[in-house]
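In this document, chain identifiers A, B, C, D, E and F correspond to the written order of the chains, with residue numbering beginning at 1 in each.
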Amino acid sequence: MTDLVTFGETMIRLSPPGNERLETTTELEVRAAGAESNVAVAAARLGADTVWTSKLPDSPLGRRVTSELESYGLETAPVLSDEGRQGTYYIEFAGEPRGTDVIYDRADAAVTSAHAEELPTERIREAEWFYTSGITPALSETLEETTETLLWTARDAGTKTAFDLNYRSKLWSPEEAREVLEGLFEDVDVLVTAVRDAENVLGAEGDREAIARGLAEEHGFETVVLTLGAEGALACHEGEITRQSTFETETHDPIGTGDAFVGAFLAKRIAGGDIGGALEYGAATAALKRTIPGDIAVVTPEEVGGVIEAAESGISR
Amino acid sequence: MTDLVTFGETMIRLSPPGNERLETTTELEVRAAGAESNVAVAAARLGADTVWTSKLPDSPLGRRVTSELESYGLETAPVLSDEGRQGTYYIEFAGEPRGTDVIYDRADAAVTSAHAEELPTERIREAEWFYTSGITPALSETLEETTETLLWTARDAGTKTAFDLNYRSKLWSPEEAREVLEGLFEDVDVLVTAVRDAENVLGAEGDREAIARGLAEEHGFETVVLTLGAEGALACHEGEITRQSTFETETHDPIGTGDAFVGAFLAKRIAGGDIGGALEYGAATAALKRTIPGDIAVVTPEEVGGVIEAAESGISR
Amino acid sequence: MTDLVTFGETMIRLSPPGNERLETTTELEVRAAGAESNVAVAAARLGADTVWTSKLPDSPLGRRVTSELESYGLETAPVLSDEGRQGTYYIEFAGEPRGTDVIYDRADAAVTSAHAEELPTERIREAEWFYTSGITPALSETLEETTETLLWTARDAGTKTAFDLNYRSKLWSPEEAREVLEGLFEDVDVLVTAVRDAENVLGAEGDREAIARGLAEEHGFETVVLTLGAEGALACHEGEITRQSTFETETHDPIGTGDAFVGAFLAKRIAGGDIGGALEYGAATAALKRTIPGDIAVVTPEEVGGVIEAAESGISR
Amino acid sequence: MTDLVTFGETMIRLSPPGNERLETTTELEVRAAGAESNVAVAAARLGADTVWTSKLPDSPLGRRVTSELESYGLETAPVLSDEGRQGTYYIEFAGEPRGTDVIYDRADAAVTSAHAEELPTERIREAEWFYTSGITPALSETLEETTETLLWTARDAGTKTAFDLNYRSKLWSPEEAREVLEGLFEDVDVLVTAVRDAENVLGAEGDREAIARGLAEEHGFETVVLTLGAEGALACHEGEITRQSTFETETHDPIGTGDAFVGAFLAKRIAGGDIGGALEYGAATAALKRTIPGDIAVVTPEEVGGVIEAAESGISR
Amino acid sequence: MTDLVTFGETMIRLSPPGNERLETTTELEVRAAGAESNVAVAAARLGADTVWTSKLPDSPLGRRVTSELESYGLETAPVLSDEGRQGTYYIEFAGEPRGTDVIYDRADAAVTSAHAEELPTERIREAEWFYTSGITPALSETLEETTETLLWTARDAGTKTAFDLNYRSKLWSPEEAREVLEGLFEDVDVLVTAVRDAENVLGAEGDREAIARGLAEEHGFETVVLTLGAEGALACHEGEITRQSTFETETHDPIGTGDAFVGAFLAKRIAGGDIGGALEYGAATAALKRTIPGDIAVVTPEEVGGVIEAAESGISR
Amino acid sequence: MTDLVTFGETMIRLSPPGNERLETTTELEVRAAGAESNVAVAAARLGADTVWTSKLPDSPLGRRVTSELESYGLETAPVLSDEGRQGTYYIEFAGEPRGTDVIYDRADAAVTSAHAEELPTERIREAEWFYTSGITPALSETLEETTETLLWTARDAGTKTAFDLNYRSKLWSPEEAREVLEGLFEDVDVLVTAVRDAENVLGAEGDREAIARGLAEEHGFETVVLTLGAEGALACHEGEITRQSTFETETHDPIGTGDAFVGAFLAKRIAGGDIGGALEYGAATAALKRTIPGDIAVVTPEEVGGVIEAAESGISR
């Protein structure tokens, strides 16, 4: 039996080496990147039997995506299509005050036309968990409908559902996002969201504990996980609050930190861990991710365990 | 006064290093590439006062294109837009039997919405020559209309027009191409076309001389230049036939050979050369281009002259 | 049901870029390489449901191997071990007269201690075909025994067995090889061998047809495939001779040509192809392989089909 | 009308990648670099109609310089010469205590023989501003004379003149510098100098305000800008003092920080900004420059504006 | 006369670029690395007439080692052998919490069979100093014996001996190490050891001064140098204690810091420096080393002197 | 005793990767290159006890040269100087008709001021052979005198002298060269020259045999070796003619072919080989050189022997 199915867009990420500018670079580094496959790889590497599904162009570019994801040990089950592009994004890294700059080039990606009927929904029905994020319904009207159908399908089959709000201002406004996302929440068991998105998009108010409790009550979530950036995370699970601070890390590439957190959180929950253990596992994996180039947490359970142990023993490695 | 204005799409070309496959590459080389800017750079470097115009996204990717073109000494005059993507193409190089593989990702490029009114048409009216190719009207209905307007504008102002048929089977069928292109020919003075496109697209028949003469007569072209691949080129100019063989070359990157030929041909015509001299200049520049990575003929007049001299003296350099 | 199981060592291949020398290089390119995984990837990409098994160190180096193999779409089922090294080989590429130079550093690799009992023999029993090569028994006494057991296990279960002689003079002498290999042949259905190895190692004599027939008769092989280098291949299948010439190719990296041939041959046989079709499919895949960096034929069925069609139509692509 | 003309040497900068040492590197990164072209690019990118002039060898190396400068959108107007080398400098980057090491190899560069008569002085006469720096007269006796002539030409035509003291101890002693530079000051409107050069070379004394006022009074400068390293800058303009602190930055490549400051300062002054606004604009551009590899501030007005806004709003981007 | 002979294994170090993981890298950087050659290069570059000896495979890989060592100006005198591998190690660099990961692949290296008789012992006898480290006897029983013989040989000839404890937990246990090492100490004049190894391996107790004094007294060392990580070093020489703090440094590659310290310490002692001067010279060289990629301190006496002067003058360069 | 001393300039060679143009490259590959050190390395690697001397700047660039030469196993004995530059040359590789383009930037190199008195002439006096080439006296008047002195010194001490004419049209005219070189010939035992230089510079006439005989007689050379490009070489030794054809080779980098020939020729002569054997050894080494990037023949005696054997046995490796 599959532990976890995730669904969403995976792009090709193109970045100049070092601190070079996109305007002048003669070379781009190529990697696969997407919230739902980032989560899937982290979960798979940490012990969950995971499969990622999506819709990709039947081309070397589509194969570039699955090739990399499979290299991390993930099972992929994409639909291949002769229509639609391979979505890409360009990212230029720099320190402050220049900061990191992202240009999305994902319009008309093959995945934007993905209907639930063409996707391997039986894998979702048979799985323990299903995961997608708020990026998916934002990509097209078709995907809005597909996301709804997949979440309903999972619920209907007794598959638990986890959802990361993942608000992207380049895709829609807070108002548009709120309307669509709140319509999806009835089929969601576990909501993960940055606290600022809870405020800006969902209109949550009050201190963090109040926000978590409020969301859980309003939408009937079994679990709400608020991510707090440098301050860690806070969960409200069946009415109980748990807090988790971050682990110290020297950041090499911050992209994908949240996805690493969620993937590890789910892997630990699937393995029977309690909320506190899952938050800690997520935070340790997130700290490791930040040392690794690319969007994806190429880690091992031993490494994550080592981070937790080292912190507990108060000894820096 | 400007000698030559060219108009058309310039893409970002992305290619894996060496013989690597797109499916597995971790790196892409980045270059600017487009028939009309390829022609413009070749002409500019060989002495013609040339300007290239187009429509580009107002982004680091759009600037990547002008940055590279300006680096070759070309004047660029693009319209910048907040709408539309930067077109790209992926190219994987290999010897036979694998061959070179191209994936276009140019749909919805900013240029596809370029209207004549927003372009610097006064530059065309003041110029001696205007050049575009059959790729341009194939990209969108708007561009079909724009191409027609620009050719008419040139003619109206006494600017000579050169047009490379440049048939691309990934953009339209021979029938679609023929209908549109023949509509444009009344405003074209110089037609350049591969002989096989003359046959497949325009339905030309007979031997090469007959094809060149036939096209010239049917559409009233002052000059028809047929490119013949390894066999060189043949021109029918005011009823007179001139032939040009190719110069020997060791091919490193064949893309852009035809554009190098046209750019050099036009530069020589602008400088007062006769048809035979212009064909020879084009063929020598094309031979140099094949030794240079990228779509663009980064050459000097001295180098082109040297190729011609060396061949004449029968001495290999 | 699995179509094909292969077993053997996969090394990490380390090669200086371009024509650089090992003695002076500051950089090495890293790839996974091994006859049995080369065959497995080729077969898997060409449609056969294939799994590769071996024994690897439980380390980042062992994972480097599976990571790359999985990236090509192959299922891997290695045993992981805390004992034994990751085998490597260094390869320096150059044209003649320097030639290509190989340094094996594979002694005490984890795989050399692999016993049949720890390997997934049930996968072999359930599969249609099993494949290994003459490199495997040459690596250690344990592997000599394991090879024998696996071939017997396959036969016992009705799984067909294919075996590539793959003589390596750095591993054993022709005499040692002959003694061991001939002991294995009773459980082999399909023997593939370079004709010069048939002569030097097995003592075969006569013209090629006679050699193929002789080997088939002597050891009761259903099929003998002789590879003839630039002259192609020749098979004796159930007493009938079939010949196949090579396809023209521009060689970028010749390593793994034979493995690409065998993988494609087996994929076509598994798909129901006759011997002639399988030889042709193998030869076309081998031609493509030579254009691809690394040991492995990263190809698609469409590409292999295209090579055959192009050759049939007499048209170079 | 041209806003700004700059004149000075541009070198080819050669640097080992990463922290590698010149003594052992197998590779050098290549960039164009020179105080006056650094200033020119910064000014041009920030809206000033700028042209850079110099004397370069008529060779691929000379073209390497203009090629890169034009790629940033700068107009170049160099004199080309068959005499004289292309100046280069080698730079090895490292953290403390090794520090950054520079080796100049600029003797006998083509520019050292540049006479005012061969330079496009009409461009200077027609421009609003002219800029050069104290490096230029230090390079040769000819250039000492040329610098004097150009500054006089500018003044004579009503073109404002800006001059950065830019003392280089590898080129001359403080005493030699003082004698030459003070002779030039009568034709300078705006002097920029590091405070330590004002002290060491010009013998200025007192606190910073006193130094700025003193220089302005002594030489009749309209504006004196003292750069203070990490403490920012201080200007005395028509007797009034303005201070500017630095913006926070994560330094990737510090070379060219001062030139970025000056280029942006001039662009803002040309656009009508007051001294305070110009200092702020300069400081923000300098902060961005430090995140960019190479000597040159490849920035946009939007980026510079964004740095200022972010600092004002107290929000880190 | 030779100032210093060192003996020990030099490996080929293979590291992914940047922060990449071994599991997924496509490229490895190649360098020579080994405690005793690290020490030898540092000493040689700082003025000591130094020769390094070892046993290497007679292959391009063995030559890769000597090639790099000779490039730093070191004299090498290895025995070449047709038996035994070239030892390698893989190192993956990352910040915390991932940390730096090392995989040794040095078993059965040619050096493990090196007997004293085949080594150039006359060079040791004629030298002023001999140096090896605790890694050497840990590599094989043969090397345990060889180390003992070489130290005895040196002593017997009046050559001073220096020994770095260099405990490696991947090679042996503290107990095994202690037994072997204490047997060697009677022929050692100068012991260098990290204080934590003194405690864990040798069972030293008390504060640092007590540990140094205790070791000196127990084993009759003329000098004991304790390295204290970020806290610097402490020496007990003929009963007198000297302390040395570290110099500030921006770490690029920390590997080999201790060896740089020892090499410079010995060079200064050989040049007649006192213990305090030698410790300071060692600490300054160690600080420089940390800015340099690779295991080896590619420095000059001018640079080391510059670090000391800059610190004394309180002026950061 | 030293077998061979060579004296001459070694430059830093800077070349764009692949077929890139100098005008647009962002990267240069760095190598040491110079006729006399090329010869010295080839001779040293093939068994001759060789030392190269020259004058270099006392800088990281000067050390870059010795570092690389020592890495090939050559002993270097340069004089270090605070005056004079490090000579460089830029080389752009391409196939025909573009061809390979060289830009020398060697004026005022430190070596141009080298006087015989500061060079290690005692090494020449003690050596069996001394070698320099016609490039050396062309570099400066000082070097013209120094070359004369060194050749005389060698003769005076009974050291045999070998001299390669190595005419460089960028350094002097044929007439200038002839006058200087013929003045040196009285102290030369072995002259090597391309046949076309013998004709163009020395005015030799007749067929090749006549040219070789004529030069030998006119100047009293013991040996004259004419190199004939693709046709091999021809020697006149003590009146007897020997011919040598070239070995087949796939050219990767042709620079330094002649120096590899000379270095191997001298090594074989030093080892007691006859003229025929030395020519064959030279030709085989030259063939290997062409497969190796850079100016220098990084070869082994086994490889050279292998080339000769393979050719003799008629078997391609």
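Throughout what follows, a residue touches a chain if its C-beta (ideal position, glycine included) is under 8 Å from a C-beta of that chain, and two chains touch if they have at least 3 such contacts.
Fair warning: this is a prediction, and the values are worked out from it, not measured in the lab.
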Sort out for me whether A-E or B-D is joined by the greater number of C-beta contact pairs. A-E
Roughly how far is chain B from chain C, going centre to centre by Cα mean, in whole Å? 47
Using Cα averages as centroids, what's the distance between chain A and chain C in whole Å? 40
Per the centroid of Cα atoms for each chain, what is the distance between chain C and chain E, given in Å? 45
Tell me, which residues of chain F touch at least two other chains? 21, 23-24, 26, 67, 71-72
Which chain pairs touch, all of them: A-B, A-C, A-D, A-E, B-C, B-D, B-F, C-E, C-F, D-E, D-F, E-F
The residues of chain F that touch chain D in their complex are 14, 21-31, 59-61, 63-64, 67, 85-86, 88, 90, 92, 101, 103, 105, 107-108
Under the stated contact criterion, what part of chain B meets chain D in this complex? 66-68, 70-73
Show me the residue ranges of chain D that touch chain A in the complex, using the header's touch definition. 71-72, 247-253, 284, 287-288, 291-293, 298, 303, 306-307, 310-311, 316-317
Show which residues of chain B lie in contact with chain C when the two form their complex. 18-21, 23-24, 94-99
